[in-house]
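I have a structure here, written as structure tokens, and I will follow up with some questions on it.
Just so it is clear, A, B, C and D label the chains in written order, and each chain counts residues from 1 on its own.
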Amino acid sequence: MNSFLGKRAIASAISLVGLIILVFFLSRLTGDPTDLYLPVDASLESRERFREINGLNDPLYVQFFRYMGDLVQFDFGMSIRRAEPALDAVLSAFMWTLQLALITMSLVTVSAIVLGSLAAFHVGGFFDRIATFFSLIGASAPDFWVAIVAIVVFSVTLGWVPTSGTGTLWHWILPIGVLFIRPFGLIVQIVRGSMITALSSAYVKTARAKGVKNRPIIFVHALRNAMLPVITVIGDQAAALLNGAVVVETIFGFPGVGKLMIDSILQRDFTVVLAAIFVTAVAIFVMNILIDILYAVLDPRIRY
Amino acid sequence: MALTEQPVIPDAPPAWISILKMLWRDKFAFCAALFLLLMILCAVFGPALLEGVATKQNLRGRNSPPFDFSQPWVMWLGGDALGRPLLARIIVAAQNTLMVATGAVICSMILGTTLGLIAGYSSKWASQVIMRLADVIMSFPSLLLAVIVLYMLAPSVGNLIVVLAITRIPVYLRTSRAEVLEVRERMFVQAAQVMGASTRRIVFRHILPVVFPTLVTIATLDFAFVMLAESSLSFLGIGIQPPEITWGLMVSQGRPYLTTAWWLSFWPGLAIILTTLSLNLLSNWMRTALDPVQRWRLDTPRKK
Amino acid sequence: MDSTRVGCGRHGIGGSRGAIAGGLKWEETMPFKIGRTFAALLASTIAGQAYAQDAVTVVLSEELENVEPCMAAKSNIGRVILQNVSETLTELVPGEGLQPRLATAWEDKGNGTWSFTLRDGVTFSDGSTFDAADVVFSLERNKSDKFVCETGAKYYGGMELTTNIVDDLTVEITSNPPQPILPLLMSTLAVLPSEANADAFVDQPVGTGPYSFDEYARGEYIKLSARDDYWGEAPTVKSATYVFRSESAVRAAMVAAGEADIAPNIALQDATNPETDYSYPNSETVYMRLDLNTAPLDDVRVRQAMNYAVDKEAFVGTILADGTLLATGMTPPSTIGYNHDLTPYSYDLEKAKELLAAAAADGVPVDAEITVIGRLENFANVTETMEALTSMWQEAGLNIKLQMVETAEWNEYYSKPFAESGGPIVVEAMHDNANGDPVFSMFNKYASEGVQSGVTDTKLDGMIAEATAATGDERESLWKDTFAYVFNDLVADVFLWHMVGFTRVNERLDFEPSIKTNSELQLSQIKFK
Amino acid sequence: MAEHLLEVRGLTVDFHTARGVVHAVRDVSWHLDRGECLAILGESGSGKSVSASAVMNLIDCPPGEIVSGEILFGGQDVLKMSDEARRQLNGKRIAMIFQDPLSHLNPVYTVGFQIEEMLTAHDTPKEQARARCMELLERVGIPDFRNKIDSYPHQFSGGQRQRIMIAMALALKPDILIADEPTTALDVTVQAQILALLEELQAETGMGLLLITHDLGVVAEVADRVVVMNSGQIVEAGSAADVYRSPKHPYTKKLIGAVPGSGEMAAPLDTGIKPMLEINRLTKHFGAFVALESASLTVLPGETVAIVGESGSGKSTLAKTLLRLEDATSGEALYQGRDLVTIDARELFALRREIQMVFQDPTQSLNPRMSVYDIVSEAFAIHPEILPKARWKDRVRGLLEQVGLEAGHMHRYPHQFSGGQRQRIAIARALALEPKLIVCDEAVSALDVSVQSQVIDLLTKLQQEMGLSYLFIAHDLPLVRDFAHRVVVMQGGRIVEQGPVAEIFDNPRKDYTRNLMAASLDPDPEVQAERRRAKRRMQEELA
């Protein structure tokens, strides 16, 4: 187990370094931030001075080695745009996104598993058809569209919840609700498929021959066996949320890392882009390792 | 009679007839297939027939409401912010939309599958390199990629395909690799080895055809995903740009009018939802149709 | 606490956290039945937030990248900081001209030297006293080479300023070359205490304004609260919270739902309620910059044709708001020297075609592909506008290709050195001049050396230099001539519109937005009904 | 008429399949009394398990549907009971164990949990359940049961897993135990132990035992009465001895006739011939695990050498190493003077033509997405020197006819054929390369008895016609007895004994071989009864 974790950590570290190198050079291809920071009327001299101050005049490889040198000391540099350390900006934003992703994925996991399992148990029946149909519709709608409709309906027309922002728990309802829909639709489908297989397995037959009740057959015998593919997809979806709840964060004014990332990309705030990618990538790698461990917990046959 | 061995099962009717029959059994999937066929027709013939109508603007008749049947039929779904007929625009936009999605899915499927086959059936070292590459791509934010590509190149359909294709590679890569690892242990692969079959023959003749249905199922789902991703990019302003049109761009452009002229973003949104829904339904059907254990559900008339 | 008026009291992000937190009260006032158990569950965790009568919430379209007063010329920063936290020596009041603020009087000493008499008894929010040293410090700090200040770059570039402290409350500022509108320039200089960090941006600005800067929770809000020791009249609004939403529909919805009081800059289509939505000219001018050095745009007939081919009227009241004015120059009508005698080019497709035909007959390559660069998110409906313009020009027979790009890329085309593209380029741009004098615009846009200038014309260079140095009526008439020359003779640009902005204001407020709302929003001017 | 413990009357069950409605069983009636053992005998597809599934409410609806009939348990028709009432019968009154306990035990829960669940599902308090679980594990003979109770199914051997299934089934002392192929896929010695355990437990509790099997030996060993099924119908019923002695129905007669182990044993070939294959001290280690240790044997041209042994004895490893599917750790395998272990890829490729393999399960060894023509002609595609493309079709046709398949079926896919036919396709594929030696790895183990004998006949015919040699790997001793010239017995990766078939069977020298012989079951109930009496006498003498 330990050697497995070690190997995974090394592999992740290699990927991480590759990622940083790739992002560093690719992001520089998108142009010079100077014009974005200075007013359109700024003189050529002040532009030059800006480049000088921010080290943009050096050859790219010099900038790269300087960056990597700082990075080794865990210094991600200053955000040009926000005049604060890039890592601070990213970490505070990341905490928001992490919470958002955790809450959403917990809700998705629980509800999708229950609904998907029941659909699988009644496969082909009315409940199954309805559940499948609506979860698919949910998974098919563009999220920004759903978000704005939700604001118009639930906040403006009905006045049930605040339109946007943070502050109280009420503020979390709409963003979570909108983020919920797509992974929910997808995972219901995965759970359903996986559960259909599990429910037609031999051990479920044994359980029925033992006279075990339906509920434990579904949620004890079949579910745990059906969870492995489901967990993989849950992991992918959680990673997608960590990496890109951009749309929802933008609309609901949620200060998450997705919004920070898109703003920084559009503003060519490279240090923040790199720090954001670093932090989310680390989070995703850690999550993938956790998922591998979870595999082993769920299925005693898997040993690393 | 078992002693004389069971007679050979009679020849099945040609494949396409039995597929059509199975499709007919699942009414949802049947409607989905019809709808998709219609969309494909729109995509192929739409631009040639309606290009002129779809770009004819009428500023003073902007945002004209839908269901005004006294207007020509292209206006039945209303007009957009420049007074252009929505129905005509949706039909014309089908081409770009489907081209982006198809292009991205096919490119990522070919690339991802090839890499996955190599990773699954070659040296450990190559496999490690490819898997690390997959990690890097997966944690590389698609937004940044979009900005990079669209900054360096123009925001054309082709480049959008490149962006979306790259981001979807890991899905196919990981799936095909996992499947290859499983399939290569099957006995018919050993049988081919015993006959002296080359690696290339084993991969392309024996493994790929077995893995292929799984990949096609994923591709169908991914098609929907890519369409939604494309619309999200449009929302963030880094997708395709006018005067090109896609459904995603139309939804995005209509979004400011959600409260005043809902039809601007509703119809293209509906087109996206229906198309992705159809794809999802079809993918569900395919999963059943391709699974010999589940296929009977489509072969027999429903009892209840 | 007043939850009835605002309708949806519990969501208010009002400044002061309500003293009565706790579930019971909260549940009682909950006007909607969305599951009592759920409410009870949440009640223990939600701090009761309620509207305070004297607090306002402003919802802005973009987050502030920093809160540095010297960056206040950027409208998103200025709107929060200027005259609320940091004040300037002089203040340009719409309709009233230049008014005293921290300076009570100023006098031209000749040779480019101006003497400013400072207001007595003013303190900064950190308690220190305001004096001449602070003004000098703020001016010097703007020119620091440790960081780049927007104000410094925008308004003091190309001239050298020297200072002389006469006494604590008198300061002399000399500019070289002499600058007749130096007092007006001083309306952009936010004054910081001399104790402030001279080498880096401040993240907790200190100023003399009626409000002190309390807190900036990144991505969430900025809070200001009224000072007790402000030198002027105590403001009615005691505290203010700024939040950020990029979607116009959401901003409008927030005011409608009672979550916010002021939403500057909402889109035309969201301004649906005449009771709350104010329209006002916002000092922005939209124009198409032509590249006069590349064929076929180097031919005046082609440029005229481009002007004639646009049906500018058709946009007004459709894609653009009613009240949008057709433009003939770079600055809004409220600017001095605005030439009211110029009339916009009429929409005349035939004439446009004739002009093109004539140019073509002379061998001008009128069918060369012209790339039109539009800037995404530049103003509401910019994409539709550009699409419509494109098709109008195409109708006139021009070979136009539209390319919408994000800001970073747009900059490459808009500012020198121009991106190499090979073909003729037309750049869509929106220019803001709320400062009442064309000097802030003309050099950069039209002088041969101007950073965004597509023109190289020595006569125009001379006219701009002359007008910049002149004063009074002479200045006004010189600018007038300059505008006419650009518009009639050079046909340097396709001027389109002076824009109208919309701000949604909660009905409980007694506040009317003005042309300055774009760049500053003085909380002290807000009253309650 | 006395009331039976369990009685099935006129049961008809339909299944909806891909190719229309199939009558799984038609008008089936049987009964079971307390303390007796009824066997339902049938081959795959005979519908022998369907009535048991109907009793246990395990028929999924759809695809299965009970069309008519009744199932009386204690005088009540269970088919008319509510689902809840039937659930309460299951496990408590009627318990069931299955073939392949590995897949029938839930892989992710401990065996303790699964046995206790049988008790708790029927309202036994949890504390008592644990204690009872210990008792049961001890009773069925799980060593170290106190620790093993928290182990997972995959941590047990096949025999132990079946013991655990039995412990679970007997937890609530049911009136009836249904055992569906309980010993198939187990080694013969383990099979004997499990059957003995079942008998013991039946004697202890007096329950009725319903045994579903395809193996006449198992019937002979344990059954009092037997019901023979074919194509969903009962063709014969009666006491086990009567049915074996004097079968009335032609199907029963054929079935009994097809049982191997009674024919004449082959005489050894002339040892003067030069061996075609000579294996010397072949060794294969997987890390620390010794799969094959120093195995040496020879194969003569035209000879059938059988390798027998229980699972894990290394017989498959031998085959795989020989065919270079695994690389040997040491040793040599000289095929006509060339060492298969060390030759380079090019030479190996050429030799592939000479040595071919037929695998155990034709369902898995044939690519489901290739037609029969593609499968067989692939040999020519890989070794193009055999045949020009124009003649492939004729050759495939010829090969199919040679293995007894209709040549017209060459464009069908494997799933359209029955198990025996599929194995014929696999043989045709091997023959396409015109090999000299065919390695058959359990090539007939997965087939029904009657099909088995046909495939063996085919192999014999081919040997006579083409002078082929076979390396025949099997665990089924009677089969080997009828087919092989020489026999090699393996245990734990080593060869313990080898010699001409008559020598090994008539005069085994090693205990291991003797045990193996003793454990294999004879289809004649009287022979089995005699053997059991002998065994009991021996045990008494020992005691």
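Going forward, a contact is a pair of C-beta atoms (placed from the backbone, for glycine too) under 8 Å apart; a residue touches a chain by one contact, two chains touch by 3 or more.
These numbers come from a predicted model, not from an experiment.
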Open item on the list: For the interfaces A-B and A-D, which has the higher count of C-beta pairs in contact?
Closed with: A-B
Task: Chain whose averaged C-alpha position falls nearest the assembly-wide average - done: A
Open item on the list: How many angstrom lie between the centres of chain A and chain B, each centre taken as the mean Cα position?
Closed with: 22
Open item on the list: From the mean C-alpha coordinate of chain A to that of chain D, what's the distance rounded to whole Å?
Closed with: 50
TODO: Mind checking the centre-to-centre distance between chain C and chain D? Centres are C-alpha means, answer in whole Å.
DONE: 85
TODO: For chain B and chain D, let me know how many angstrom lie between their CA-based centres, rounded off.
DONE: 45
Task: For chain A, residues contacting two or more additional chains - done: 30-31, 148, 152, 156, 200, 250, 266
Task: Two or more partner chains touched - positions in chain D - done: none
- [ ] Going through chain B residue by residue, note those that touch at least 2 other chains and give them in order.
- [x] 147, 151, 238, 255, 258-259, 297
TODO: Within their complex, state which residues of chain D touch chain A.
DONE: 56-58, 60, 87-92, 95-96, 98, 100, 103-109, 117-118, 121-122, 152, 154, 165, 168
Open item on the list: Using the touch definition from the top, list the residues of chain C that touch chain A in their complex.
Closed with: 7-8, 10-11, 13, 31-32, 34, 42, 45-47, 49, 63, 65-66, 68, 73-74, 145-148, 150, 152-154, 157-158, 200-201, 203, 218-220, 243-247, 249-250, 253-254, 256-257, 259, 406-409, 411-412, 414-416, 440, 444, 451-452
Open item on the list: Under the stated contact criterion, what part of chain B meets chain C in this complex?
Closed with: 55, 57, 59-60, 62, 81-82, 147, 151, 154-155, 237-238, 241-243, 253, 255-261
Task: Residues of chain A defined as touching chain D within the complex - done: 200-203, 205-213, 216, 220-221, 224-225, 298-301
TODO: Quick one: which bits of chain A touch chain B in the complex? Just the residue numbers, please.
DONE: 11-12, 14-15, 18-19, 22-23, 26-27, 29-31, 124-125, 129, 132-133, 136-137, 139-145, 148-149, 152, 156, 182, 189, 193, 196, 200, 239, 243-244, 246-247, 250, 261-262, 265-266, 273, 277, 280-281, 284-285
